[in-house]
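Next, two complexes with chain A in common: one pairs it with chain B, the other with chain C.
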Partner chain A sequence: MTDTVLDTTQYDVLNTIALKKMASAQGIVDATGVAQGDVMSALSALQSLGLVATIGDQSLPMDDAVPALVATSNERYAALRIDPAVREMADKFEVVNGQFLTVISSWQQIDVGGRKITNDHTDSEYDDKILSRLDKLVARLIQLIDVLSERDIRFDRYAVRFARANDQVVAGNLAYVSSPTIESVHNIWFEFHEDLLRTLGRERNE
Partner chain B sequence: MTGQPEVTDTTAQSVASFTFAFDDASTGDKAVLGGKGAGLVSMTRSGIRVPPGYILSTACCHEYFLAGAMPSNLLKEIEARLTALEAQTGKQFGAGPTPLLLSVRSGAPVSMPGMMDTVLNLGLNKAAAIALATLTGNTRFMADVLFRFHSMYSEIVLDVLDIPDSAELDVVLEPLGDNPDPAAVYDAVWDFCQSRLADMGEEEVPQEPREQLVRAIEAVFRSWNTRRAITYRELHRIPHEMGTAVVVQSMVFGNLDQQSGSGVVFSRDPVTGEPGLFGEFLSASQGEDVVAGTRTPDPIARLEKVLPATFEDLTSTVARLERTSQDVLDIEFTIERGVLYFLQVRSAKRTAPAAIRIATDFLDEGTVSDHAALQMLSVEQVRQVQRPGFDPAEVREARDGGQRVAEGIGASPGQVTGFLSLDPDRAVAAAKTGQHVILARQVTSPTDLHGMIAADGIMTATGGATSHAAVVARALGKSCVVGCSDVVIDSTLKTLRVGDVVIREGDAISLDGATGEVFTGTLTLTRPAAADKQLERLLKLASERSGAQVLVRATTVEQVSAAKADGLAGVVAAAAEVLATSRRFSDVMASLSAPEDQASSFSLLEDVLAEQFTPLFAAAGDLEFSIRAVDFLTDKISDVLDTRTIAVEYPYLAMPLGSTECIRAQLRGISRAAQAAGSTTRVSLCPRNVSDAAEARALARIKGELEGAEDIGVGVYLTSARGALAACDLADEVNVVWLELRLLQAAMFGLPADYLLTREPLDRYSSRGLLSVNPRDSVDPSVTPLLAAVARSISERPASRIGIRVSGEISERLIGELYAQGFRRFAVDSGEASPARLALGKAVGAAT
Partner chain C sequence: MTVLAEGFNAFETKKSPEGTVKYLGSPQDVIKLLSSGKLADHILLVRGGTTTFLSPALSMGAIGIITMSGAPESHLGILSREFQTPCVMTAHLTSSDSRYIVGDADESHFEEMAAQLEGKKVRLDVTDSEVGRVVLVD
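Let's turn to the complex of A and B:
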């Protein structure tokens, strides 16, 4: 099965399911920008390939899903992987990613006399400074994503999702900064990071 | 958030009051000076030496937007202020021998995100840079300052995203050799930075200091209208006309000579709360050296030896500031040629144990009132110090006995023991069976999220304190150790190996997410020893001030004993839960499914209740003990007796007073237990879902007619709007009335009460903006009049025991609101009694 090469829509749909570990058709439409009807037919194709199991409304990846994604991305992104603009983008991402994780960590914990304590979000000045920095980093990531979107439009969905999470944060729903159970800024970033690694055929090192 | 700001009309002010020096400001008004500016003016007025500077008022912001550019009269004023600042500091802007460098920062009347960050070291042209190198005798320092200024200005004023890494400075300086000429260094650094911007097609940083200043000020004004700032104001109803002020402040040098230096101090140790200055000092250095870690600072005590007079000045000023602000302070300072300047003074963040110690010490020192001492502590801090941790003796044994197999980086605190799982799916499966699970991974990816959510603790072989795994663990509040680099996980063999030690999946391991230690085997969790005498004292003070009674939910002897040890007023228990702890529980349930409301079918219920409550009453001593009667409708007691089956087959069990015999049996059981325990406790039995005075009367009559139940009281749990509105009449019939807030809220929303206990489905639903109030975290306005009705009954019947049951984690705000409405009796979940007592104490006004 590892030789299965998927078409573009199938890849996009399966990639989303694999990243989210479980996704509804509506969630896939939202994350991929693929039309509902196309998602449904991709889902049934993926099911008959044995790559996806659907229980009720939710689709889950089967064991062969990731190998199929890897095989497909090796072909689909072969040119992209040697594109100097993309390689430069990937290097810059490493830097921004480090800054981002540092900012998110300062959002969660405050250094007090060498000890980390949980940020109780009572100091709005501290929080405002971090949110302003987060804004800049997300803006910067979106610039980097543009490099990919110019080559594969599916990446543009990340920009849309970031904007939406950001609106929630601005509206005062602070959980949208880093909560792992909702479409928070960190969750989207984490998914993008994983997606980028697969696109480039690289390994995660932490 | 700070409350709604006061807005004053500044448009009528004359041009002369556009700007204010810190030391001659004619106003202290935040609306004019902004928050930071007002703070600096107030510090200067109270004799604290801050580096001199001036403020462009919020009116300047209006003028700027009206004119669409910097108004010429404002430019003139900036120039005049600059001249005055040069005279005051004896330094020269954009020149030598002592160059004047400035910081520029935004300062809105209320803090909001999106506003411009601080720009430091503004004012470096070639002449000033050479002078700085000559003055400090340190060309490398000048290069650092110049490089940092350029980066900061690019990033903050010009919004350039891609700024050079500090390592690149070394590359730039290398060709210039060991003792380079300052002029050459300036040229090399400046040209490098500028050409980098030009290569990226970015605007360059102005070369002339005056232009740097004006452009930075304009950038502050523009930041008032960033998208985030605008959205924030709209959401928080902050008027867009308010505008931001700008603070322009001179910079002082801590590296001019051996009489100079910089440091950071806390007025007390923020980790332990121990009195006395705590912090670091670095002689002949700028603050950035401490932050950058290029030199290791000395403990603050060293300052006493180096500059005794300055140390004395620092100590006495800090002590005075602490007294006047009634708070522990976090202070940044710089000493320039023996003169001490305060750069920043703010409330110090502190650990929970420090917060407790500080509040009690402040009380003893007479620094704060009882009221103020309680305000220094949060309910979350109380929860933190009461959280169970590893038994310290077992940890010592484990360390000595070689049980500590790995030491990684503690990324999210918490001490947990569980069964090792090496795969997220298997972690979820194990957690579903009720096991505590520690998930160990080589690396984590988004596909591990569900496993991390299910696990109690997480460890990874790779990653640092700022890895995705660490971020996720902290967001989930789970204990996490990352970077256990010696750990090798074999997913085929399902083992975790560290050197010779092999741990199999399913084996017990323990994690300390603070120290980063990983132990084999289990470690016992205990409540922190000596539950802290200082906390006990503060809680006692809180209870004295509020005069409120707190009862805690208890099902076991340990919980009852803990409530007694904590000095609480009493406990509440659910008869159904206490029954469920009996081995005969299923027999009891089976016996209830008799065809008729017959005495015989409840005799087993009576026996088991008597048996189960005897040890609880014995442990309770003289504590009040309020028991919620078995509620077949709401309690998910048994699959046999679900809501639908009951209504059809056993209708008398579905309604609160449906079965007289069932109530009698419970009264008899409890009464027997009380006699057996020989207890003096005030016991009451309270059926749930009561809403009518007739029901309450019936209940009182059943009890009155029952022999041997004289010492048992009866009461009701109100769960509906109807019940709440009838609270007064009900209170006339029975001894105890509880209003059950969660059920009342659920009823108002027409939702099952269970929905309010878990995150899903309500949190996601209300985050979509579909509910203006999420009943999980706030009281709905529709409930407020009902609370008022119950509160009225409290004030009209002071002798009645009318209280409110608040389930889940209590919030300070909610408890404060209920207290203000007149509630004085509270029943809370296990572990929430101390937080509730503090919240009640804090809710009492300052005057009483």
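Let's turn to the complex of A and C:
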């Protein structure tokens, strides 16, 4: 089963489930932009292949899901992996990603005399500074993602998802910065990072 | 008070979770633990701050985490603060000189830590802003 190679839609659907660890059909539609009917067909095929289990309306990746994604991405992205523009983009991402993690940590905690305390979000001036930095980093990331989108249009969905999360933040729904249980900026960013690593066939650096 | 290990504290809290240390080395280990219904009995020991497969355990109520590498600014550190799950990061054994070195991870360091901590009943002391401690519960 480890050498299962998926078609494009199956890959996009399974990849989304693996990145989210658990996803509904509607969640997959929202994340991928793939039509509902095509998502349902892909889910059915992935279940038949033993790559996905469905509990209620949620789909979860089975043990062979990641090996199938790796096998497929090895073929699908072979050319992309040796593309100098993509490699340069990936190097730049590492820098931006480090800055992003620092900004999110600053969103969660405030340094008061060397002691980090939980940000209770009562200092709007502080929060606005952090959100401004976050906005710039997301804009920078979207520029980098464009390099991938030019080669595989599915990456374009990240810009759509970031825009949705940003709309929520601008509207005052601050949970959309870093909450782990919704389509927050941090969740989308993290999924992109995982997606990028799989696309490039790379491992995480600890 | 016997401090078995200490490391960076992901966030300061008066929460003081107690449990038996369980090493989780793979997504399958996490699924097995979640399926057992005994998640709340354990302090979870993992290798890295970027251990992504731990996310389901956090969302399902993990009580405490010890990592052997990674910084409080890492993905797991961010998640632990969001879920308010105490987390001691890049912990090292107080009885050993072995330390995790970024980019030069020695397998024996991880093996020693897992061997020394797994199965022990511990409490996480995360009341200090910087240092998190793994305390043996007698």
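As a working rule, the second predicted complex is superposed on the first by the 205 of 206 C-alpha atoms of A that agree within 3 Å, B and C clash if a C-alpha of one lies under 4 Å from a C-alpha of the other, contacts with A are read in each partner's own complex, and residues count from 1 in each chain.
Keep this in mind: contacts are C-beta pairs under 8 Å (C-beta built on N, C-alpha and C of every residue); 3 or more make two chains touch, one makes a residue touch a chain.
What you see is a predicted model, and the numbers here were worked out from it, not measured in a lab.
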Which of chain B and chain C A:Pro180 touches, first, second, both or neither: both
First, second, both or neither for A:Ile104, with chain B first and chain C second: both
Contacts of A:Glu125 with chain B and chain C, given as first, second, both or neither: first
Which of chain B and chain C A:Lys92 touches, first, second, both or neither: first
Which partner, chain B or chain C, touches more chain A residues: B
Touching partner for A:Gln47 - first (chain B), second (chain C), both, neither: neither
Partner chain in contact with A:Asp63 - chain B first, chain C second, else both or neither: second
Set of chain A residues, in rising order, touched by both chain B and chain C: 21-22, 101-102, 104-105, 108-109, 114-118, 178-181, 186, 190, 194, 204-206
Touching residues on chain A, where the partner in the complex is chain C: 21-22, 63, 66, 101-102, 104-105, 108-109, 114-118, 178-181, 186, 190, 194, 204-206
Footprint of chain A on chain C - complex, ascending: 11-12, 27-28, 47-50, 52, 55-56, 58-59, 69-70, 72-75, 77-79, 81-83, 102-103, 105, 129
Complex contacts: residues of chain A adjacent to chain B: 18-22, 92, 95, 98, 101-102, 104-105, 108-110, 112-118, 120, 122-125, 127-129, 131-133, 135-136, 139-140, 143, 167-168, 170-173, 175, 178-182, 184, 186-187, 190-191, 193-194, 204-206
For the chain B and chain A complex, residues of the former touching the latter: 1-2, 111-115, 117, 161-162, 165, 228, 231-232, 235, 266, 269-271, 278, 347-352, 378, 380, 413, 443, 445-447, 449-450, 452-453, 460, 462-472, 474-476, 482, 759, 764, 767
